[in-house]
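Each of the two complexes below includes chain A, the first together with chain B, the second together with chain C.
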Partner chain A sequence: MSGFVGLLHAELTKFRSVRGWVIGCGLAVFLMLLFAGLAGAGNSHTGNGPGGGALPVGPDGTRVLDGLTLVHQPLDGDGSLTVRVASLVGSEPPEPPQDGAAPTAPERPAAPPTAAPEPWAKAGLIVKSGTAPGSPYAAVMVTGGHGVRMQHDFVHDTAGPADARWLRLVRAGGTVTGYASADGTAWTQVGTAALAAGEATAGIFVATPGHEEFDQYPGGASSIGGKVIATGTFDNLVIAGGRPGAGWETRAVANENDPQAPPLLSEHDGDTFTVQGSGDVAPATGGPGPKLEQTLVGSFAALTVVAVLGVLFVTTEYRRGLVRTTFTTTPGRIRVLAAKAVVLGAITFAVGLVASTGALLLGKAILGEDYGATVGTQVRLVVGTAALLAVAAVFALAIGTILRRGAGAVAAVVVLITLPYILSVAAVLPAVPAQWVLRLTPAAAFAVQQTLHVWPQVYQAYTPAFGYFPLSAWGGFAVLCGWTAAALAIAAVLLRRRDA
Partner chain B sequence: MTGALHAEWTKLRTVAGPLWLVVGAAALTAALSVAAVAAAECPATGCGQDAVRTSLTGVQLGQAIVAVLAVLVIGDEYRTGLIRTTLATVPSRVTVLAAKGAVVAGATLAAAVPGVLGAYLAGRLMLPGRGFTAAHGYPPLSLTDGATLRAVAGSVLYLTLVALMSLGLAAAVRDAPTGVGTVLGVLYLAPVLITVVSDPDWEKRLRQLTPSNAGLSIQHTIGVADLPIGPWAGLGVLALWSAGALLLGGLLLRLRDA
Partner chain C sequence: MEATIKVDGLRKTYGSTVALDGMTFTVNPGRVTAFVGPNGAGKSTTMRVVLGLDRVDAGTALIGGRPYRSLRTPLRHVGALLDASALHPSRSGRDHLLWQAHSQRLGGKRVDEVLRLTGLADVGRRSAGGYSLGMRQRLGVAGALLGDPPVLMLDEPFNGLDPEGIRWMRGFLRALAAEGRAVLVSSHLMSELQDTAGHLVVVGRGRVVADTSVADLIAAASGDRVTLRTSARTEAMTALAREGATVAVTDRDTLTVDGLPADRVVVVLSGAGVPFSEVAAHRATLEEAYMDLTRDAVEFRAEPTEVAR
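Our next item is the complex of A and B:
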């Protein structure tokens, strides 16, 4: 074992005694910082969230949309609510704004032309701890195209029966249970949610996402969205456990500055409530626009540098004939390869950690916000990028060992990692082939930088052109590790078979 | 100059590497185009895609191979020490670089012409099967169409200019792997950076001034008027990069000891 430590020491000495390679490490850090600055260039310190302002934050720290029209009364303890959703209709989206014109929030039309509701338009019952945007809630609802759903705290979603119209919420202690029924007599449980006991507000609500159309064209992607209004008609509303004498009050919960802020309209005609709402109650999604991972775009530059370093770390030995000395002192060639991989991986990981931490902090300072990424996510971005650079360097080492010619090896590594990314993310390829490219090629590893989350309960183009990778963060990283392991295995076999 | 040219040609044709790179550049250019065409779809009229540009996607890969070829023409001489013999026989270093440039341009043309024509044929033969039909507004690709001819011939010129830029940068850095890393960094980083730059002015500047983005505007056949830079002007930007790189390489070649 001490022999291997000696070997590590020998390889470390070889690396740090070449001035160009040490300069290369510094260059990788410099390029990461430079690109972080370029990516934020010209960006003012204004928020660029979907709402045009800072978005509210949900109970678990996720950025959320919280725009709904609520007809409610206080519910201080245990109780239940029952209602029938008689109808849910949508409205025609407005004409998309002309190129260059800023989208304006249209005046609410006197009688908006009705249309089929958005698939994720919502009308139903809700118990919410308060009317502040982002506050916890539990709700059971009829949706435009996805049947009955039980949702709570923005990120949780449970499917219920497809055709039920009767809804019931039962609050007992810290638990809210949702039920649905087709006829108002036979009830099925949809789901349960935790909601802190104590003062809360309860009632009926209507919300709907805007009408979005996603387009991908060679070289880019765009989404055109327009505000729509959903109208829900309710009857048979019954509350048990409310304050004696309390009446139904209408209130819009909305994020200020939100162009999708709901219009305030509710009509109460005997037993029938007609409520209009717009603005969604859901986690915020990405799409085009700034994302935290763009501060790390310099990892492609750093990757090119570490690919050159990884290749040179082995091909220089062949060029100078040093490899014969190395193999004379250490006849176990695979041990030499392992020592080189460990030393190179450790150095590039350390360099990558410094570079990506600096780039993330610099980028955040320039962009002026962190796009709601949690500390855990930011640590994953930084550590994942460093690990990506380290594994890519070892991949380059293996390819360099296989080809023994530096120029071809550098080209192979850069082309295998960068070109698939360009072809898929810059929307050269259509969405489905692009997703396969990002599952199979080493470029999949850039999933480790993804901050966007796929929410099944939100309609969005979850494709590479919109910044969504098909694999999970570490799943994509594992693809690069697989390529590297295969390359190392081939390199080890060839190293034993060939003369140096 | 004739002697220097002959010497460079002899050096190129008497080792196996360059021939394989020429064959590889042509084959990979055509192969990636076949894959891109097979992946493309035009489901309905007005799908807004540039059929010619899709067919020529392979140039994105071919440029890496011609860059390796060009870098090795000078990088290998530094690796083996042959550069000292070369400069002893032809003391004028500018002549040496010019001769290398001519040989590199010739070798690149030998790769680019069949590679780009293969890419064009892939589009012509396979695109109608992917929904790019006359009914959807896409007549079969034809070189008699001015814009198509410009894109195809321009792609050949693009690869040649990339090779010359690579030669200049390789003369400046003198080490082949570092040279390839530098060239591919210059070519591939700009498109990645453009996907994240959120400021429209900066994005436009990058599209106008970076060699790969400006140069590849020659491949556009639709929406040409809306491009950040016109096709020939874009290729001109790349030509300026190549001239600048050759100038830098030539200058350093003159100033430094080999």
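Our next item is the complex of A and C:
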């Protein structure tokens, strides 16, 4: 073991005594900061896209959309609600809003609400701990295209029967249970949710996401869409456990900056309520707008630099015949490879940590916000990027050992990592091939930088062009680790077999 | 540890080319062993095999009775210089030695010592890319000395040295051997090792052609030849031939006599009344002796099909 420490010391001395390699480390940091600055400056010109702005935060810290029309009354303790959703329809997307329209005035839809609803349009029962955007809730609802769902606190979603129209919510202590029924007689339980006991508000609600068309083209991606209004018709509304004498009040819950603020409309005709809503009650998703990981967009450049370092760390020895001196000092060639990998990995990890921390802080300072990424996510971005650079450098080292030629090895690494990444996220490749590329090539490891979460209950183009990787952060990283382990194994076999 | 290199029955082929064909010899301590032969005779390959760099098809190579790959800190057992130009050009000479020292758990102090020993103390912190070939040879020797090893193995250390450098290297090698080390020095130019080597391993076509002490070799190559200077060439040749000697004309007034010792030559010539101005026993140079030995190998080298077989 003490022999291996000496070997590490030797390889460290080798690395730090070549000035070009030390400069290369500085270059990697510089490129990360440069791209972070460019990305920040670029985004501050284009402004905030969807997902930007001051979105409310859900109970678990997730950024959420919380726009709905609520017909409600207080529910201070245990109780239950029952209703039949007679119909749920949508509207044609309206023309872009005219300048000068009064922003705060409740507006009525111009087009008659007759179109098919958005698949994730929602009409149902809700118990919500308050009307502040982002406050906890539990709801059971009929959707436009996904049957009955039980949802709570924005991120949780449970499927219920596809054709039920009757809904019931029962609140008992800290638990809310949702039921659905096709005929109002035979009820099936959809799901349960925890909701703190105490004062709350309960009633019926309507919400709908806007209509979105997603498109990608070489070099970018876009979403075209607009506000949609959903109209829900309810009857047989019964509440048990409400305050005596309390009536139904209509209220819009909306984030003030939300361009999809719901119109306030509720008609109460005998037993029938007609409620119009827009905006969505769901976790916020990305889209083509700015994302926190854009502060790390220089990673591909830094990765290329550390890949060159990784390749040269071994191929210059072959080129100069120095590898014979190395193997004369240490006949155990696999130990040499291991020592090189450890030293290179440690150096590039440290460089990556400095570069990505600096880039994230610089980018955030220019952008002026962190897009709701939690501290944990930000740490994962920084550490994950450093690990990405370190393992990519070791991968390059292994390829350099296998090929023994600097130019060929650098080309191989760029073709295997940098190129697939750029082709995929810049939408040069169509979505499906791009997803396969990001599953199979070492470029999958860029998933460590994704901040976006795939929400099944939100319609979104979950493709690389929109910032969605097909694998999880560490799942994608594991693909790179697998490639690196395989390359190191091949390099080790060749080292043992070949004459030096 | 016993300061020896033992090479036994090494065989190695590259495709159809035989690089080593039963190479066998031993390098003993206390003297410089010259490892000579024409280019391509297998000297460098043998050294790489001894250092565990190249595999062999058969045979063993041992340092002090142990295979190189079993040595934990090999530079403390063997110092080797294979290729003085195997340097990273932007790394300083001192750093080049420092990483090797670190690999053997040695420190910067030893590095500065060997830089001083080899006369590189002033240039150690300069980039090795700017070194002359002579400085690189010195740096290579410095690297070989890092672990103060009992065995040294240097491949063509005289390459690129100026006359002053050659003198320094000869003295340095003699001093190292005098300290009791086993020193193996390869060269394709025999004259470089004049007055330095005590033992000679001559190789050709991947095997040992001669393994002899330098004194014996020169005596054998000199034979009992006599150099004779005379103005009466014809009379001298007649008189000596009558006594059974073979006489060759080497110059206008010089003959080389083979088959009679010098004192008999004097007696014969005096008896016949032939005048002469000088009679001297001939002493071959190391290079002449070496050329005699390797003539065959050189001839074979001119016929590639033979080598390929």
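Everything below uses one rule, namely that the second predicted complex is superposed on the first by the 472 of 500 C-alpha atoms of A that agree within 3 Å, B and C clash if a C-alpha of one lies under 4 Å from a C-alpha of the other, contacts with A are read in each partner's own complex, and residues count from 1 in each chain.
Convention: contacts are C-beta pairs under 8 Å (C-beta built on N, C-alpha and C of every residue); 3 or more make two chains touch, one makes a residue touch a chain.
As the structure is a prediction and not an experimental result, all values here were calculated from the model.
Visitor: Aligned on chain A, chain B and chain C: do they clash or fit?
Guide: Because the two structures are overlaid on the shared chain, the partners are seen to fit without clashing.
Visitor: Going by the contact rule stated at the top, is it chain B or chain C that touches a larger number of residues on chain A?
Guide: B
Visitor: So, A:Pro433: does it touch chain B (first), chain C (second), both, or neither?
Guide: It touches chain B, and chain C stays clear.
Visitor: Touching A:Val22, do we find chain B (first), chain C (second), both, or neither?
Guide: neither
Visitor: Return first, second, both or neither, reflecting whether A:Ile422 touches chain B, chain C, both chains, or no partner chain.
Guide: first
Visitor: After the superposition, just quote the angle formed at chain A by chain B and chain C, using C-alpha centres and rounding to the nearest 10°.
Guide: Once the two structures are overlaid, it is 50 degrees.
Visitor: Just chain B (first), just chain C (second), both, or neither: which does A:Thr329 touch?
Guide: In the superposition, A:Thr329 touches chain C alone.
Visitor: Between chain B and chain C, whom does A:Ala346 touch in the aligned arrangement: first, second, both, or neither?
Guide: neither
Visitor: One more residue to check, A:Val311. First (chain B), second (chain C), both or neither?
Guide: After superposing on A, A:Val311 lies in contact with chain B but is clear of chain C.
Visitor: Taking the superposed arrangement, what is the smallest distance in Å from a C-alpha atom of chain B to one of chain C?
Guide: Here the least C-alpha separation of chain B and chain C stands at 10 Å.
Visitor: Report, in rising order, the residues of chain A that make contact with chain B in one complex and with chain C in the other.
Guide: In the superposed arrangement, which is not itself an observed complex, chain A uses residues 20 for both chain B and chain C.
Visitor: For the complex, which residues does chain A have touching chain B?
Guide: 20, 35, 38-43, 48, 217-218, 289-291, 294, 297, 300-301, 304-305, 307-308, 311-312, 315, 319, 406-411, 414-415, 418-419, 421-423, 425-426, 428-430, 432-433
Visitor: Which residues of chain C touch chain A in the complex?
Guide: Against chain A, the touching part of chain C is residues 48, 51-55, 68-69, 71-75, 80, 82-83, 85-92, 95-96, 98-100, 102-105, 143.
Visitor: Flag every residue of chain A that touches chain C in the complex, lowest number first.
Guide: Per the stated touch rule, the residues are 2-3, 6-7, 9-14, 17-20, 316-317, 320-322, 324-325, 327-332, 499-500.
Visitor: Where on chain B does chain A make contact in their complex?
Guide: Those in contact with chain A are residues 36, 39-41, 48-50, 53-54, 57, 60-61, 64-65, 67-68, 71-72, 75, 79, 175-181, 184-185, 188-189, 191-199, 201-202.
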